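Notes for the one structure printed next.
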Amino acid sequence: MKARKKNHQIFKPDPSKRGKRISGKTGLPPGSLVHIGKVLTDSVSVNLTEYNSKEIFQRKIETLDSLDVTNSLNSWIEICGLHETKIIESFGNRLGINPLILEDILNTEHRPKFDMQDDLLFLTLKAFYIDTNKEIKNEQVSFVLGKGFLVSFQESTHPWFEPVRSRLVDSTGNIRQHGLDFILYSLIDVIIDQYYEVVESIGDHLEELEDMIFDNPSQILIYQNRMIKKDINSIKKALLPALEAINKLNRNKPELIGKDVIIYYNDIDDHILQILDYVDTHRELSAELKENYLSNLTLRMNQVMKLLTIITTIFIPLTFIAGVYGMNFQNMPELTWKYGYFAVLALMFIIIAGMLFYFRKKKWI
Amino acid sequence: MKARKKNHQIFKPDPSKRGKRISGKTGLPPGSLVHIGKVLTDSVSVNLTEYNSKEIFQRKIETLDSLDVTNSLNSWIEICGLHETKIIESFGNRLGINPLILEDILNTEHRPKFDMQDDLLFLTLKAFYIDTNKEIKNEQVSFVLGKGFLVSFQESTHPWFEPVRSRLVDSTGNIRQHGLDFILYSLIDVIIDQYYEVVESIGDHLEELEDMIFDNPSQILIYQNRMIKKDINSIKKALLPALEAINKLNRNKPELIGKDVIIYYNDIDDHILQILDYVDTHRELSAELKENYLSNLTLRMNQVMKLLTIITTIFIPLTFIAGVYGMNFQNMPELTWKYGYFAVLALMFIIIAGMLFYFRKKKWI
Amino acid sequence: MKARKKNHQIFKPDPSKRGKRISGKTGLPPGSLVHIGKVLTDSVSVNLTEYNSKEIFQRKIETLDSLDVTNSLNSWIEICGLHETKIIESFGNRLGINPLILEDILNTEHRPKFDMQDDLLFLTLKAFYIDTNKEIKNEQVSFVLGKGFLVSFQESTHPWFEPVRSRLVDSTGNIRQHGLDFILYSLIDVIIDQYYEVVESIGDHLEELEDMIFDNPSQILIYQNRMIKKDINSIKKALLPALEAINKLNRNKPELIGKDVIIYYNDIDDHILQILDYVDTHRELSAELKENYLSNLTLRMNQVMKLLTIITTIFIPLTFIAGVYGMNFQNMPELTWKYGYFAVLALMFIIIAGMLFYFRKKKWI
Amino acid sequence: MKARKKNHQIFKPDPSKRGKRISGKTGLPPGSLVHIGKVLTDSVSVNLTEYNSKEIFQRKIETLDSLDVTNSLNSWIEICGLHETKIIESFGNRLGINPLILEDILNTEHRPKFDMQDDLLFLTLKAFYIDTNKEIKNEQVSFVLGKGFLVSFQESTHPWFEPVRSRLVDSTGNIRQHGLDFILYSLIDVIIDQYYEVVESIGDHLEELEDMIFDNPSQILIYQNRMIKKDINSIKKALLPALEAINKLNRNKPELIGKDVIIYYNDIDDHILQILDYVDTHRELSAELKENYLSNLTLRMNQVMKLLTIITTIFIPLTFIAGVYGMNFQNMPELTWKYGYFAVLALMFIIIAGMLFYFRKKKWI
Amino acid sequence: MKARKKNHQIFKPDPSKRGKRISGKTGLPPGSLVHIGKVLTDSVSVNLTEYNSKEIFQRKIETLDSLDVTNSLNSWIEICGLHETKIIESFGNRLGINPLILEDILNTEHRPKFDMQDDLLFLTLKAFYIDTNKEIKNEQVSFVLGKGFLVSFQESTHPWFEPVRSRLVDSTGNIRQHGLDFILYSLIDVIIDQYYEVVESIGDHLEELEDMIFDNPSQILIYQNRMIKKDINSIKKALLPALEAINKLNRNKPELIGKDVIIYYNDIDDHILQILDYVDTHRELSAELKENYLSNLTLRMNQVMKLLTIITTIFIPLTFIAGVYGMNFQNMPELTWKYGYFAVLALMFIIIAGMLFYFRKKKWI
C-alpha cells in the first residue's frame, strides 16, 4: 500500500498548486484578459530575434517601443510566461491583435485552434515533454503571424525553440533565406517532433508494465496503467483539434504563407496522423493490460478454489470416518476386531488414492 | 444503509413535486400554450430595462401597454416565471412572436434551439447552477431578439443576468454603446460561464470519490458516482444541441446581429467545445471509478478466499490426524507408545511449517 | 419462478397469434397486395368526413363510388383495418395510388417512410399506445394526401384521430379554415403526442424497478428490465426513420402543403428529437439497472464469502484443539493436570477474541 | 459434451471441402480467370429463355453460337455453375464482357457490387437460403444486363429464379410486356425475398434458445448462439454492400433501365433496410442471450455459495461443541453432571434455531 | 509457464534490435533524410529493368549516371534497402524527387499515402508476408512514377516483384505492350495479393485456437490470441490509409496513368475492401475467443464450487453426528443401547441418500 501512496503523490495534481480556474472569469465582460492556469515561470521574459538573409540580431526586450516592423528585417518575438497580463496586453495593442485572440492565448486550457483575422494568423497548440522526473508535462504554445513579425507565446521558459534559433544563427539549410512563414512551420515542427518522444516513452513504459502484470498482477501496476491512460487521453485530446486546426490552415491557404512554403504545412498532418496511430495502439495496449489483470485475478481465484476443494474433498470424508470410530457406543463390533484399526487406515489410504486419481484425471493437479 | 437512504432522498426527484408533463398536451391543438415543467417561482415578474448610450431606465412592469418600441431606446424585457401562460401570451401578441415559438418557450423540457422568424431571432438554452444544498439544478432560458427589443424568459427568479445588468448600469467597457445584439451575446456568455463552475465542481467531487473508493469501496460511493454520471449526462445533453444552435446562428448571419458583434458569437462555440472536453474527461473518470470499484470487489474476494483456503488447508489435515487417534479401536499400537502423543504433535508442527512455507512461496502470505 | 412464468406470458408474443409474415410473399410478383401482420380488427370500416369552412358531413361508406373529389369539399377518408386487400385495392385504384405504395401500406412491418408520387404524398408511421393491460402496443398508420382528399390507413379501430375529428366538428381554433395539409399535420401531431405518454410511462416503470432492484435484486426484475429495453428499442427503431421521413418531407417542400402550413411540419422534428432524448436517457438507465444488478450480485457473494470465512477461520482451529485432547494416547500429561480443561477453554476463548479483533480491524464485521 | 461435438460438426466448415482460396491467385496477371470458392454443382448448365410479348422459347445450350442478340426477342441466359472457366470466358467474349468483370463473377467471395461498363450493367449479390438440414447457406449470384440480353450467373443449380420463369411462361401480370430491365428487377426481388425467410428462421431459433437458456443454461446453447451470431454477421456483411450497390444503381439512372421500371428498383432498398432492421434486432437478442447466460452463472454460483455457507455456519460450531466434550481431560465437571448431555443437546438445538432465524431474516432461505 | 516464455520470445520485439526511432529526428531541419526503422538487408542493391514492346534489358546499377530517361525504353528502377541515405538522395536528385517525399520513403513507419507532385506520382504502402518461422512480417514499399521511369523502394531484398518481372521477361499477357502505369498497377496488385495469404493464415490459426480453447482453456492460448489480435490490428492500420490513398489516386485521375489502365486501379479498392471484411471477421472471432475463455473460467469455477458444496454439505452434518456420540458424558442413554451404533449408521446412510437425491433434483450431479 505504501508504494501506492507514494506513487499517488507523484501522479496526482496538488489542488493547492492548481492555477486559476476558468470559472474565475464568470461574470467578467467578454475580452477581459485573465490568465487561466498555473504560473510556470517566475517572470515574463521577451526575446526579440531580427534577421534577414544577411544579418541576425538577438536581444531581450521589455516593451515593443523600440520595435520597427516596417524595416526590412523579419522579427520573431518570443514571449515566455503568460501571467502578467499587462505585458501581453501592451504587446497585443502594439501589434493590433484582437482582445478575443489575446483572451484565448491567456486561457491555457483552450483547445488547439487556428484563426485568421484581417492580416493576422493565430494558432494555438499544446506542447508535451518529459520532465526530469520522467513525468509527462504539457503547456500551451500560441503563435501570431503578421506582416513582418511572428510572436510565439509559451507558459514556461522551456527551450522549445532552441533548435530553430540555432539553425537561424548558423543559417543551417539556408533557413535565413526563408520568411517568417517558414520559421512558423519550423516552430510547429519541433513541437510535433516532441510528441514522438513522449509517445515512444509511453510505449516503453507500457511494455514494461505488460511483463510485470503478467508475472505478478498487483493493484499498483493497475494504478500506473491508469495514469498512463490519462496521459494518452490528454495527448489525444490535444492532437485531434490540432489536426483540425492545421487542416483549416491548409484549406484556407492564407496569403501570409508563401506558395513554396505551404507544402511544408501539408506535411504536418501526416505527422499528426502517425502520432495518433501510435496513440491508438497504446490505448488498446493499456485497455488490454487492464483486462489481463482482471482475467488473471479470476484465474488465480480459480486456482485457489481448486486447492481448497481438493483439500476439503480429500480430508472431510476421512475425518468423518475417524469420527465414526471415535463414537463411544458400547456395542461397536469393529472396535474389538484385531485388525480394525489397520483396515480403517487402509480404507482411508484407498480413498486418498482414489481422490487424487480423480483430480488428476480432471487435470486439477 | 441509512446513509444511502438519506442520500437517496437528496438526489431522487420527488414525483409529487414534478411539474406538468408534456404528455398532458396530447390531443390539444398545435400552438396551444401550456406550461410544461415545475413551477419554480411564486409569481411572474417582469423587468424592463431601457437604455441608450446616454441614459438607462429600469422598472417593473405588468403589461406591455406602456412600452414604446419605436423610440430610440433599446428595451430589454426580462420575464421570470413561465407558469402564467396568459401573461406570456399577451407579451407574445404585443411583440408579434409566433405561437409555435411561445409553445417552445413554455415547454421547459425543450432542447436548446435556434430559429429565425421574419424579423425575430429565437434561442433557447439550458442554464445550470449549483444551489445552496450543493445540488446541481438547471432551468430553461429563452431569448427573443427583435428590432429594438430583447426578451429573456427564465423559469425562476435566479439572478442569472445580474452581472450584465450591473455592467449596463455602470456602462463598464462601454457596453451601453452596443446594441441589443451585444446584450444578447453577454447574456448567453454568463449562462455558458456558469457551466464552467458546475463542471469544475463535478470534477472536484469525482476526485474526492476516487480517493474514497480506493480506500474503502462501498455501495453508497457507487451510488454517488451514479448520480454524478446523471448530472454529467444531462449537461452533455444540454450542450450538444446548444452547440448546434449557436453554429446555426453563426451560419445564418442574421441581419439583427451586427458585423462587429458576430465575432463574439463565433467565440461561444469554442467555450462550449472546451466544456464538452471537460465533460468527456469526467465521464471517463466516472466510468473508471465504477470499474475500479468492481475490480476492487474481485480483488477483495480473492483475498478472502485465500485466507479461507490457508486456514482450511492447514487445519483440516491436522484435525483429521487428531480424529484418527481419537478412534476407539482396542488395538491401536501407537496409542500405547510412550512418546506417541509427542510424535503426533511434532508431525502436526511439521505439517503447519510445511504449509506456511508453501503459501509463502506462492506469495499468498 | 412462478411470478416469472406469469410475467413471461404477459410479455412474450404468442406465435400462434402472429400474423402473416413477410416471407409469405416470396415468389409473388412485385406489387402483389398481401396483408403482412396481425389482424387487429374484425371488419374493415371506412369513415368519410367532408368539410369546408362552413359545413361538415360525416358518414360511414363502403365504396368510393359516391365520392366526388371535384367538389369544393375537403374529403378525409379514414380506413380502419387492412386485412381485406380487395377494399384497399379498390380505394387505391379509385384515387390513383400506385400499387407499390399500396403494398407498403399493407406491409405493417414496413419502416416509417415518406414518398412523393406525381400529385400524391405518401407517409407511413408507427403509432404507439398503452393498452388497458398496461402493455405497450404499436400499429402502423399511413397517410395518402392528394388534391382534395386525404386517406388515413390504420390497422385497428383505436380512436387515434378522435381529438382531430372533434376539433373539426367544433371548428376549434378555426381548424376548418385550413386545408387538408393542416389536417394531415394534426393527425401526425396526435400520433407523436402519444409517444410522450408511452415514453413517460416507461420512465416511471424504470424508476420503480430501480428502487426494487436496489432493495432486493432478483431475476424477475431483470426480466422486466429486459422487456422494457425491448420496448425502448422498438420505439427508437420506429422514430429514427420517422425523423428521416419528416425531414425528407420538409426538404422537398411539396406543393400539396401550403407555405403557411409548412412551419407546423418543421415543428414535428423538434418533438421527435425530444422523444429520442428521453428514449436515450431511458436506455442508459435500463443498462445501468442491469449493471447494478450484477455488481450487487458480486457484492452479496463477497458478503457471503466473508461470513463463511469468519466462521471457518474461528471454529476450525478450535475444533482442531478439541480434537487433539480427544486423542486416546495413554501418555498425555495435560489430560491429568487438574486445570487442563479450564486452561484449554481459556486458550479457546483467547483465540476467538483474537480472531474477532482481527476481523474488526479488517472491517469485515 | 457429445451433443456439442455433434453440433460442432454440423456448423464447422470442413477445411478439406473448402474450395480454392483467393490467395491461390497471388502472382497471376490481373484479369486471369480463376474460380475462387467451392464447386457446388457437378457440371455447368446453361439455359436460354427467349421471349417477347407474344412468344417464349426455352432451351438448354452449350455455346452461344446459335444466339442471335439482334433479333427482336429478349434473351435471358442462365448459367449455373462457375467452375469451368472456359465456358464463362467464351460467353464473356461473345457478349463483350470485360475480363475484370468476369474475374469478379468467378471470385465467389467478392462483395456485392454494381458497376457500369460502356453498354453493360454488372451486379453481384449474395443469395441466402435454408437447406434441407436447416442450415443457412449462401452463394454468389451475378447479373450482366446488356442490350437485348441478360445473363445470370449462379454457383449451384438451386432453383432461385423458378418463380420468375413460371411468371414469364404464364405471362402473369403481363410480365412479358416488360423488357429485360424488369426481369432483372424480378430476379433481384426473389433473391431479397429469400432473406426474409432466412432472417425469420433465425428469429425463431433465437426465441427457442432464449427459453432454453433461461431454464437450463449450458455451454452447448451458448455454442448454438454463437453459430447464429455468425450467420447474422454474414447476412449483415452481405447486405450492407448490396444496399450500397443498389443505391449506386439508382443514383446512376442507367439508360438500360426504363423510366417506368426504375421506381421498382427504388423499392429494393426499402426491403434491404427492413431486413437490416430485423438483423439488428436479432444481433441484440443474441448478445443478450450471452449476457443472460453469464449473469445466470453468477447467480447460480451465488446460490451454491449460500448453501455452502449455511451448512458450514450451522454445523461447524456444533461440531466444535461436540469436540469439546469429546476431550479426555480427567477433570471436566460437566461430564459427570447427570443432565450434561441433554443440556448440550438443548444448546445445540438453540444454536440451530438461531442460525436458521438469522438466515431467514437475511432472506437466504 | 515455460511454453509461454518461449512463445513470448517468438512474438515480442527485441528492443535491442529495434531500428532507429522517429524521435531521433527531433530538432533536425525539415527534409533531413534520416532512415527510420530496422535495417533489413546488408547492402543496398539497385536493379534497372528497361523494356519496350520488343526488347528488355536487366542489370544491376550503382548510380544513375548511365540512365537515359529520354530514350524510348521504359525504365523500372528497383531499390532494395533504405539505410544508405546517400544513395537514396542521389537517386532522388537525379530524378527530381522532392526531399519531403524522400523523407517519407525513408521513414518506414509512415502511413500509406498517395501524393502528386508536378509530373511525379508518389505512393507508399505496407507489404505483409509470412516468413519461414511462420511469423507475420511487414515492410514498407514505396513507388515513384515519372515520365519514362518508375522507381520502387523496399526495405529488404524480399522478392516481392518477382512475378511481375518474370511476366515482363516472358511478356505474358502482352504486359510489355503496356506502359509503366500498368507495371505500377501490377506491382501494387502483387502486394495486395500477399495480404490474402497473410489473412487466410491468420484465419487458420484462429480456428485452431478456437478448438484448443474449447477443450482446455489456458493462459498461453490467450496469449497467442492476443498476439494474433496485434497482427490483425496492424494489418487493419496498414489497409485503411492504403484504401484512402488508392481512392485519392482514382479521384485525381492523374495524367501519368492512361485511360485504359485506370480501370485496373479502380479494381484495387474492391480487393482492399474484401480483405478488410476478412480482417473484421477475424477481429470478431478473436474477441469471441477471449470472451469464451473467460466464460469458461467462470463455468469451471462454478463446477468446482458445486463439488466443494456437495462434499461439505454431505459430510459436515455426518461428522457432527459422529462428534455427538464421541462426547464423554457419563449419562448418555443411546450409548448403552445395543443397537445404538447401527441406528446411527442407518441415520447417516439416510442423510447421505437424501442429500444425493436433493442434489440430483437440482441437477448438480
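First chain written, first letter: the chains are A, B, C, D and E, and each begins at residue 1.
Keep in mind that, in the parts below, a residue touches a chain if its C-beta (ideal position, glycine included) is under 8 Å from a C-beta of that chain, and two chains touch if they have at least 3 such contacts.
Because the structure is a prediction, the values reported are computed rather than measured.
Asks: Using the touch definition from the top, list the chains contacting both subunit A and subunit E.
Replies: For subunit A paired with subunit E, there are no chains in contact with each.
Asks: Could you check if the interface between copies subunit A and subunit B is built from the same residues on both sides, meaning over half shared, or from different ones?
Replies: different
Asks: So the centre of each chain is just the mean of its C-alpha atoms; given that, what is the distance between subunit D and subunit E in Å?
Replies: Taking the mean C-alpha position of each chain, the two centres sit 27 Å apart.
Asks: Distance between subunit B and subunit E based on Cα centroids, please, to the nearest Å.
Replies: 43
Asks: Counting only residues that touch at least two other chains, what does the list for subunit A look like?
Replies: 298, 301, 305, 308, 312, 316, 319, 323, 326-328, 332
Asks: Are the chains arranged, by touching, as a line, ring, star, complete graph, or other?
Replies: Per interface graph, the chains form a ring.
Asks: Could you list all chains around the ring, opening with subunit C and heading toward subunit D first?
Replies: So, from subunit C then subunit D onward, the ring reads C, D, E, A, B.
Asks: Along subunit A, where are the residues that touch subunit B in the complex?
Replies: Touch residues, subunit A against subunit B: 15, 21-23, 25-31, 98, 100, 104, 109-111, 113, 216, 219, 222, 226, 233, 237, 241, 290, 293-294, 297-298, 300-301, 304-305, 307-308, 311-312, 315-316, 318-319, 322-323, 325-328, 332, 334-336, 338-341, 344-345, 348.
Asks: Going by the contact rule set out above, which residues of subunit D touch subunit C in the complex?
Replies: Its residues touching subunit C are 163, 167, 172-173, 175, 185-186, 189-190, 193-194, 196-197, 200, 207, 263-264, 267, 270, 273-274, 277, 281, 284, 288, 291, 295, 298-299, 301-302, 305-306, 308-309, 312-313, 316-317, 319-320, 323-324, 326-332, 363.
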